[in-house]
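Chain nomenclature is as follows: A, B and C, assigned in order of appearance, with residue numbering initiated at 1 for each chain independently.
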Amino acid sequence: MVDFIQTLVLGLALGGVFALMGSGLSLVFGVMRIVNLAHPVLIITGAYAAYWGFRTLGVDPLVMLPVAAFILAIIGLILYKLVFEKEAKSAKFTQMTVLLTFGTAMIIEGALGTMFTNTQRVTSPEYATDAIFIGDVFIPTGQLYAGIVSLTIIASLALFLKYSRFGYAIRATTQNRDAAELLGVNVNMVSMVSFVIGIALAGAAGSLVSFVFSFFPAKHWEWIAILMSLVVLGGMGSILGTVVAAFTLSVVAAFVGDFFGSTWSTMTFFLALFLVLLVRPQGLFGEKPELA
Amino acid sequence: MAELLEVSNVVAGYGDGPAILDGANLTVNPGKVHCIIGPNGAGKSTLLKAIVGMLKVRSGEVNFKGKSLKGKRPDQVLREGICFVPQERALFPKMSVRENLRMGGFLMEDKAEVERRIDELEERFPILRERRSQQAGTMSGGQQQTLAMARTLINKPDIVMLDEPSLGLAPKIVREMFSIMHMMASEGITVLLVEQNAMMGLKNSDWGVVLDLGKTLFEGPAADVLGDPRIQELYLGGKKAA
Amino acid sequence: MGVAMDDTSAVLEARRAHNEKLTLKADKRRATWFPLAILVALVCLPALQFAGNYNYVLHLVLFTACYVTMASGWNILGGFTGYISLGHNVFFAIGGYFAGMIFARYGISTIILAPLAGIVCGVVGYFLGTIMLKTRGPSFIISSLALVMIARILLDHWKFVGGANGVALPANDLPVEWAKLPYYYAFIVMAAFAVWASYKIKHSKFGLGLRAISKDEIKAESAGINTRLYKVMAFAISGAFVGMAGAVWGEYLTYIRPNIFTIILVSVYMVLMCILGGKGTIAGPVIGAILIITFNEFFVATLGASEINILATGLIMVACLLFFPLGIVGTLSKHGRLPRVLNWD
């Protein structure tokens, strides 16, 4: 029983981090219909920002979080202006934008590799290696903190989307772009701001990742499929769905890892992605035939 | 009677494509229900889109209350007082009914006023109050259409334009929709609708416009349009249907 | 009446003249001798070895030929049919491991095994295709990425094929200046076959169906094309070419290892070569392969860092997609500027 609860707790702890990693991706897809394959490598960029702050200035990664988010927001703005602005206006996404984000991911990976080399990195604040015991069950402090921060950020995002005027505009654009425009929503502005927020979330997630996982530039390939499985299972574009999927899959993965060994826990995410594909053969993104 | 909206010789199309509208004319008088009929591909929806600025008007004039609407964006046209409901109702399916109504007042600065007008609308359309926190996408077609039409009233527009409001609705529900339109007209809100079912549309309207091949063929009181033998033959399915 | 007749015959005359002009244009533009001349030159190239050690040159040509085979194969699915796969290196791996393992156990040369490896990959491709091609557009791209990840984990942990360390294969015992020759000719033959086959496919009824699918799948289906079967066949055939190349590649490197066959860069190169050269054209993948391999060698030789190489590859991809998505051959022929020697379609 203790083992069972222990595995459950570890799964949930990881789910918190994955939830934030996936929610930015989900937001960008929802508003712009862009499957952003560069999202994971942007998370790693955020992790390097935290790593840099930790190593050179001795700043705690949690303190670096807003800084990382800000840096990534600027990168997001630049990317939007250079690469995606034209696409955002067409209001439909095509195969080309997937390849475009794929190419962007390679550019960033290469740039990170040049700057930081391909060595595995991790920030190591004291809590990263600590644990809290409740009875016989231990909770790694690092993952606990990361989970709490992640859920706080997601909750703030949800409140922002639910109650602010701009949140209304974002949701309206996600659900019916034409109707939103007719009611006076500046949909191009909404696209840009949502994209920037999404990428800033990648930065925030990155600083949490920096002390939960070890990372290096090429690691994002593995995360692409993991994050895709969350976003796809959660129903593309739904942030709540992504969060639920993150917790569900992380827990399942934790149990799979427990029974079959840790490499197979990663497999859980990939197989989940494949299974959803089989169950929903008409397409995960509701793409219309003429776009395919 | 001064014209509220005057469309003359408008040429418009999608992107760089061929002109769908090729010299369309339209006169809209205040406080009436206007119905545009015509076969598939005649340019009916295109005309509405050109008026609100979703499509670029290549040539011709669109004047509203004496001011040109040419080159204006949809939100600017909305501020001028024309509210457009595109086909398929244009709701936000995952927002609640109340939130959908709030989106109707997106451009209004005074949020308390928006809430007050929504309360008024719930008074007039009890179904909207009943369903206020239900997701709009889960309502029936008629309820959705009621919501879409009610939402236009938040802006207190001069003209409400509806693209095929009867699409996919049962005849009984369609009659209800037309009675809402007439109620709007009696309050001084001009209604301009596009209707695929020409006979039904004309019977329930005051003014009829026949559009084909991007040109306006005929404009006049709905009864005259209905009575015209040429129009009966070409667009209303002959004498039998009449 | 007479006037009307005159009009009709005038129109007919104009149409006939126009048609003749088109035929003339097509004839003048096709230059079959050019690819054949290249082929002859490449066959004779190893004679250089009599003059000195040109192993590096042979390696580059061989490497390019390997990618011409793969990119031309990818092009059948990605170019003709319009389904972008980022998972085709899985076939590279299956071909490599299949032939490599038989070679390691029974000593049968992978060059002999290559056609068999191609067939195996075709069969695997057929089954994978029936599952994966239920999706389209972006979903298909994502599923193909997931396929690579799954293949990587499986190969990393399959003890029989050596896990992450892979299996070492014996090198041949030819003198060093001739050691590359069997593989060199194998790849040249495969590349030539792939280019010839994609030409034949493009101009067959099957190829016409594939191109109809890429234009509009619904219309293609309503025109009576069995789109499901066509797509799956395109997937299988394109996988077969990639698998053939993979088979010989392992023996050439003298080892098979997951991080050779399943790194995403292999897939990216196939995609990029086709996009850069011109998706759906015959010459496109060849031109793309030559350019990308040249770029690649340039970056590795001058800058020495694979990170810069990745960055540059990404830059080429993004620039290409943003500024000339039709690729070199596509863009040139759209503007009527395609040199005769590059029109292989």
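In this text, a contact is a pair of C-beta atoms (placed from the backbone, for glycine too) under 8 Å apart; a residue touches a chain by one contact, two chains touch by 3 or more.
Please read these numbers as outputs of a predicted model, since none were measured by experiment.
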| said: Applying the contact rule given earlier, which two chains have the most C-beta pairs between them? | reply: A-C
| Most central chain by CA mean? | A
| task | Could you tell me the distance, in whole angstrom, between the mean C-alpha positions of chain A and chain B? | result | 42
| note | Cα centre of chain A to Cα centre of chain C, whole Å, reads 34
| query | Between chain B and chain C, what is the separation of their C-alpha centroids in Å? | reply | 53
| note | The answer for chain A against chain B in the complex is residues 165, 168-169, 171-172, 175-176, 178-186
| request: Could you pull out which chain B residues touch chain A in their complex? | output: 52, 54, 74-75, 78-79, 84, 86, 90-95, 99, 102-104, 106-107
| query | Okay, in this complex, where on chain C does chain A touch? | reply | 82, 84, 86, 131-132, 134-139, 141-143, 145-146, 149-150, 153, 156-157, 216-218, 264, 268, 271, 275, 305-315, 317-318, 321-322, 325
| note | chain A contacts chain C in the complex at 35, 37, 83, 93-96, 98-100, 102-114, 117-118, 217, 221-222, 224-225, 228-229, 232, 263-264, 266-267, 270-271, 273-274, 277-278, 281, 283-285, 287, 289-292
